[in-house]
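Scrolling down, you'll hit the structures one after another.
One chain, chain A, links the two complexes that follow: it is found with chain B in the first and with chain C in the second.
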Partner chain A sequence: MTRYVSILLTFARACLVRDMTFRANFVLECVTSLGWMAMNLAFYLLVFTFTPEIGLGTGWTKAPFFAFVATGMIINSIVQALFMPSAEELTEMVRTGGLDGILVQPLDAQFLVSMHRIDFSAFANGLVGVGLLAWAIPRLPQPPHPVAILLYPLLVVCGVAILYSLVIMLAAATIHLGRNQSLYDFWFYLTNFSRYPAEIYSGPWGGPLRALCTFVIPILLVVNVPARVIAQPLTGQAGMMVAGTVFAAAAALVISRWVFQSALSKYRSASS
Partner chain B sequence: MHNSSQPRTNASSATGEPVIEVRGLAKEYRVFDKPEGLLASVTGLFNRKSRVVEALRGVNLQVEKGEFVAMLGPNGAGKTTFLKLLSGIITPTRGAATVLGSVPWERTDDFRRRFALVMGQRNQLWWDLPAAESFRLHKEIYRIDTPRFERTRDELVDLLDVRKLLLRPVRDLSLGERMKLELVAALLHEPEVLFLDEPTIGLDVVAQHSLHRFLAHVQAERQMTVILTTHYMKDVAALCKRLVVVTEGSILYDGSLEQIVDRFTSHKIVTLDLDAPPDPAAIDRLGFPCEIRGPQVILRIDRTRIADVLPGILRGQGVRDVSVEDVPLEEIVAEMFRSGSTAGTDGATGAPR
Partner chain C sequence: MTSAASDPAPSGFLARRRLGLRVWWTMLVICLEERLVYRGDFVLGTLMRFLPIVTQVFLWTAVFGATSSGSIAGYSRNDIVAYYLLTMVSRAFSSMPGLASGIARSIRDGSIKKYLVQPVDYVGYLLAARIAHKLVYYAVATLPFAGVFLFCRDYFPPIPDWTTLGAFTLSLVLSFLLGFFMEATLGMLGFWFLEVSSIVFAYMLVQYMLSGHMFPLDMLRDIPTGVAGVSVADVVRFLPFEYTAYFPAAVWLGKVQGAELVRSLVVEAAWVGVMIVACRIAWWRGTRRYSAFGG
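Right after this comes the complex of A and B.
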């Protein structure tokens, strides 16, 4: 384990050295990313000039909702920084045969494929998310329960694990297809569902969609559960949600591991 | 199934301990034919036609510790597929193989720590960073302790004279410089087996020569087992005593360089430099296949008759200089490729490698 941490730190160091080599690109990526976040936040502020709450009686008033948004930013920035660059590169590596070089190294291939590129500019959003959370927490209708404060980091990790599992399964599809340039698009469509409170999915269409995105592809658990635990009162339902999220994260990791290993066994390698 | 059955002569440095054992190794790919034209492309979305391509057809091979084996073959012969199988990158359709006692495609860390693969057409160093950064990463991945890492790195870097390149981003290096650093990276963990896939492709003569000297030195010093795939006879002649010729996924020849000449040619090339262009009729009367280039005459003479006929030729033609040589290896191998192609049974040309 310490070896993998040490290798991850070496990757991080090398990526930071590379990012610093292309400083203008690094700054531009941070600015673009932060600009996009600022537009989103402005949009939500605009929404709250028309309504005090997202869905009457849901508890998602302004401060809790911004805690929700902050949680989403933190989780997404971790995934975008640690896993997305490598997963996106896998598409190219499969097409060009670059994956060969990874498969001959005496390390877990999934670890190498998932984490050999780290995008430090993506952490910018996470830092904004932490700032936003720090702004929202004192403004919540009631302060978070001490248990909720303890559970929150665990649930953030679970959210990251669920998203990571989706990323790695989408990336594994590349090995079967030989080319999968829509990886990022598909990822964006999927994660779009996780960006809003689960309560908005109601009615004849929303209900089944909510069930699908909770029990089949547990994307609605990713942000909703940690955000609800920190921003809303802990109820009896919370225990079920936490247990469900931990289980979903563990199951997602196991399934994605199986999918990735099975894809690797079918790897054909590209002609040289 | 096409098996290698030729006798084999080991390199002098081989120890008799088998390091690589391959039995009936076969790899097939299903490829989809892309029809031409828009209508055919649309139809192909629903009804794709595929066929099976045999990249390797039941190859048998044994390589002993310390051998330096060259694998020669035309494009699509299956050389790279063979190395990918032995490296565990892909899994075979049939057959068995062990490298250093391990089944390669099980991809155990213990096995992967003991070999290295260098591909001339692939870059394994970090493109935007200096090679020194890739070496540092390599040290962590292969768990090389610091004193050993520094000693090995310095030794390899000095042998290839690339110290001044270590801090330059890899993308700014020439192909030859990059290949030297790829080799340093591959050898840092002191692998027992080295697979080289066309390492000299695209390199100039000086860089090729430099790599030859380096590889010969390191292989001899470390008693490393090496399989080299190449198109260049210069690589083979400079580095290997054992040659494996592959075409269409089958081994055509497995033996020593000397034996290939004896086995596949019955004549030698006698080149005469004359005082003046000869009379073609007089040369024809010698009774050997010949070629006349100004004052130079090239004769193909049966090797068993050279000693008998050469004195007579030298006496009668006003010869200033003479040389007697074996048929060039390129010519022999090209002929083998041609005859191997025509002997192919079901035409697996264009196999992915």
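Right after this comes the complex of A and C.
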């Protein structure tokens, strides 16, 4: 374990050195990344000019909703920074045979494939998310319960674990498809479902969709549960939600590991 | 293309035209075949584009559910759903994934130089490749599009008259050309800046918001700019982005009619003209300062 931590730190240092070599590009990436966030926030502000609440009686008024958005920003920035750059590279590695170089290393292939590149500029969004959360919390109708504050980091980690599992499974699909240039798009579109409170998925179509995105692909747990815990009063269901999220995160990690290993067993080198 | 290229140089205007068309056709066929090599990836990518619409439909349904008004910026809930679906059609024409970054990459790695020594127009080649990409995309996407539109038919107003349908079709063709030449021009910035990924991303951001892809631009009508009597929507109307998503959808929904429709189509065509000239100038000036990288 210590060895892997040490290697991860080496990767991080190398990536930071690389980023700092092209400082202007790094700053531009931070700015554009923040621009994307600013654009989304502007959209939400626009929506709140037309309505006081997202869904009647849901409790997602402006401040709780922005706490929700902030939680999403924090979780997504961690995934974007730590896992997405490496997973995206896998798609080309499979096509060009570069994955061979990973497989012959005396290290776990999944570790190398998912963590060898770190995008430090993606953390900028997370910092903005922390700032937005700090803005939203004092404006909540009810201050968060102390237990909620303790649970929040754990649930954020669970959210990251679920998204990481998703990234790994999508990356593994590359091995079957030969090329999966849509990996990033698919991840973006799928995580799109997690960007809004689960209550919006209601009605004859929304109900089943909500169940699907909670129990089959637990994407709705990623942001909803930590955001609900911090932004809305704790109810009797909270314990169940938290336990369910922790279980879903653990199950997602195990399943993604199995999917990745199965995909690797079907890998045929493309290099000569 | 090989046979066309190995033929002796033709004399006469018609023969040269015929050769030009054959080269162009061959490029189109090659690009079609290339597109179909990775069919799984392509089909997956096509189907995924419908996913964001689903969240938008639910979001706006929740917004309408929490507000007492049945209309937001002149759009009912049904109009909003129809609008998002129609912008999907607009974006199917105007979006050019990978075009700008592809051009910049070929400048950076030196592979662009083969187009400098061959009797092939690079921009023409890219246009053929993009048409091929779109043809395959439409072939794959027509069925899911038809299915989704049929499923959501109750959200749409009655089918517009022939004039509106004609204007809608024209606006889509122009949006394809506008999207292509804007992105191609952007990619050619690679002649000046080797790494343009951040510029492309910034462009995508602006484009996504100001094209109306994110929400109907009419919603910006009441957002002030600080200048008396000028709203954000007024400023956005001066930019070309709205023609790549908002405008065709607004035409179908009857939000733009009569003289305003004609004026907007003329402005869209003018933007296409401006971007064609900008692209040609960027190519001409860029190739003059280009020094090849790579072996």
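What to note about this one:
Keep in mind that, in the parts below, the second predicted complex is superposed on the first by the 272 of 272 C-alpha atoms of A that agree within 3 Å, B and C clash if a C-alpha of one lies under 4 Å from a C-alpha of the other, contacts with A are read in each partner's own complex, and residues count from 1 in each chain.
Keep in mind that, in the parts below, a contact is a pair of C-beta atoms (placed from the backbone, for glycine too) under 8 Å apart; a residue touches a chain by one contact, two chains touch by 3 or more.
Nothing here was measured: the structure is a model prediction, and the numbers come from that model.
Using the contact criterion defined above for the overlaid structures, shared-chain residue A:104 touches chain B, although it does not reach chain C. Look at A:52: by the touch rule set out above, it reaches chain C but stays clear of chain B. By the touch criterion defined above, A:200 lies against chain C but remains apart from chain B after alignment on the C-alpha atoms of chain A. Judged by the touch definition given at the top, the superposed model places A:89 against neither chain B nor chain C.
Looking at the superposition, the partner that touches the larger set of chain A residues, chain B or chain C, turns out to be C. By the touch criterion defined above, A:18 reaches chain B but does not reach chain C. Shared interface residues of chain A (contacting chain B in one complex, chain C in the other): 22. In the complex of the two chains, the chain C residues touching chain A come out as 38, 40-41, 44-45, 48-49, 51-52, 54-55, 58-59, 61-63, 65-67, 69, 72-73, 195, 197-199, 201-202, 205, 208-209, 214-215, 219-220, 222-223.
Chain B contributes residues 29, 80, 84, 87-91, 107, 109-110, 112-113, 115-117, 119, 121-122, 124, 126, 128-129, 133, 136-137, 140-143, 169, 197-198, 352-353 to its touches with chain A in the complex.
The residues of chain A lying in touch with chain B in their complex are 3, 6-7, 10-11, 14, 17-18, 21-22, 96-98, 100-101, 103-107, 109, 265, 267-269, 271-272. Within the complex formed with chain C, the chain A residues making contact are 22, 25, 28-29, 31-32, 35-36, 39, 42-43, 46-47, 49-56, 58, 176-182, 185-186, 189-190, 192-193, 195-196, 199-203, 206, 209.
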